[in-house]
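One structure coming up, written as structure tokens, with questions to follow.
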């Protein structure tokens, strides 16, 4: 495909800071500054950065859950407009970091997964699709009638994945999908994501501060600092041969196991 | 007699056993790690030692610190220990500090409780402590409120509070989990230096094996309240005995390998 | 229920008031309005269980009928307060920034004015009655409910699961019905019982001031007011309406606490 599926042009997002006093000048926090990304179908892009680097803001902008103050986001060559989001929403879905807060505590799993099917007017049998996607994320059918607080962290995250995949999107944006999980569960969920992305031919945008997670899932990476992209390229070359000072710092800071020295 | 002797410690909440029959020893200046997932009981161990278990917990066994039996002490007696002999750094720097109190005052609270210093001496000591934990511009920082500091800085304040009275035992519970990886590295370095300088015994609790491995010599692996393995770090990596330990060691290795293949490919 | 003492006692106390109100529809020992100067300020006896007031009216009968006024007032006020307050709370949370801010200021103004002021205004226009008291209290109390609701709704709107709903193109209406209302339900129950307690006290106050239920209709507040003049002679006459108010208000407060306890912990229970 020639047209990138998702693209940003000089994307910028500023936030107004609380005024110091009534007469003081309005200060701005530049959360995202002049970001240019091009994502082709089938890409697996990682967005690396520390807290405050702007990566979550960028994710929300990519999903049109927030409006840019400058620049634009294009989907399939068309600029994203607030009107007529139906098709875009069906194609691009998100998984959040904290499985405790990303699932409505008052809904059972079956209702949680049904929601995107209803809102996006999914044109096949909803219950059949729910069953199908539960199988894909390797969850027992009995889980459908449980509430989120009755599930473990790993199970909740699988439900979040199932919800994202329910309407058959082509792009998956994952914001720190495993950071809140324990180490062993983390591995299981990452492998599940890997499998699903392969099987379903999804395009992945993965946001994380954890370099090893990015290394596991992404073939391309951009590094963000203070709202700007300071380095980008194939994961291998960025991690193997970091050019920017900050990238080198990030890589050096990963704790090393003693015996492997 | 060792500095810290934990013997057959069992902690229960009603019918649920969160720590089962745990025993380990520490000599003065030793560094001990406790690794386990959430729900494995690792935080409960720390709370038991420092005497902050919730009222609904029932416990049995013994914890002897410098010969004194901690589990039989009342809250008043325990508070003489807390801060002066044993102190703790918690996971969440945001919630562990009082948002309405200046940082310097919070640091000197243990000093006022235990050492009875004058206000001027306290201020001087607070500035000194801020410097030793690596906080920039100590004179200004002591006047700051927690929300004005970054996560890493807050955690350093937590450290300063913990070491204010030169405790013989420092317990840190997931001190860097909420921090960025570059900040984590610095904070861990700071903990390392402090512990070495004052020959403080250290108990480091975490779920992250690579992080713990850089900080301690001996480690206990917790799973669902049971200590499934206790060994030196090198023994754990070379020959993990228990199934669970094997899995986490293998996983840590695999993750590391995946990462280093990038870095080695560049140099080759 | 065994462990939830607040709920238990709250239900008993409120239930008791409700029972007396129902009873009063069917039977009262005497006609509460029947004046009998011969037995003015009689002590409690077998013929008048709680004694009589200065005009010889049976206190018990007045108390029973008065409970009707009290509970109906509480009921109507809660409906008005919750309907106005929740609607205002949700809509101001959903409105775009500038409009929302103006609406919030408006609510703050209403909040600042006491119910008594509204009651005076309404009484001046329409003459005092239980009805004007109900409207005045309902509107005044709704402002607080609107504020609390707005804050809670804002928190929910920022939560990940609502963002996820927006990400699958959910309409605002759907988000309100499916996500917001179920998640503020517990809080609404608590606020409603609080509003009921406030309503009873407020109605009593307004009747006391002559701005609520007009004589001769029995009302606990007015009973309290009229007994004031005779406190030195016969303090017991003031005791009964006072006690009735205390028990009912306490009952609603306990009920609210009990409901909150029973509705929330189930959500806090987590396995891992």
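The letters A, B and C name the chains in turn, as written, and every chain counts its residues from 1.
Methods note: a residue touches a chain if its C-beta (ideal position, glycine included) is under 8 Å from a C-beta of that chain, and two chains touch if they have at least 3 such contacts.
Just so it is clear, the model here is predicted, and its values are computed rather than measured.
Contact counts per chain pair peak at A-B. The chain with its CA mean position farthest from that of chain B is C.
Separating the centre of chain B from that of chain C, both taken as means of CA atoms, is a distance of 51 Å. The distance from the centre of chain A to the centre of chain B, each centre being the mean of the chain's C-alpha atoms, comes to 33 Å.
Centroid to centroid, with C-alpha atoms defining each point, chain A and chain C lie 48 Å apart. Residue positions of chain B touching 2 or more other chains: 38. Under the contact definition stated at the top, the residues of chain A that touch 2 or more other chains are 153.
Contact of a single residue of chain C with at least two other chains is seen at positions 272. Residues of chain C that touch chain A in their complex: 159-161, 163-171, 174, 178-179, 182-183, 267-272.
On the chain B side of its complex with chain A, the touching residues are 37-38, 151, 180-185, 188, 207-211, 213-214, 233-234, 237-238, 247-248, 251-253, 255-256, 258-260, 262-266.
Chain A contributes residues 50-51, 153, 182-185, 187, 209-212, 215-216, 235-237, 239-241, 249-260 to its touches with chain B in the complex. Against chain C, in their complex, chain A makes its touches with residues 60, 63, 65, 85-86, 89-90, 93-94, 96, 98, 101-107, 115-116, 119-120, 149-153, 160, 163, 167.
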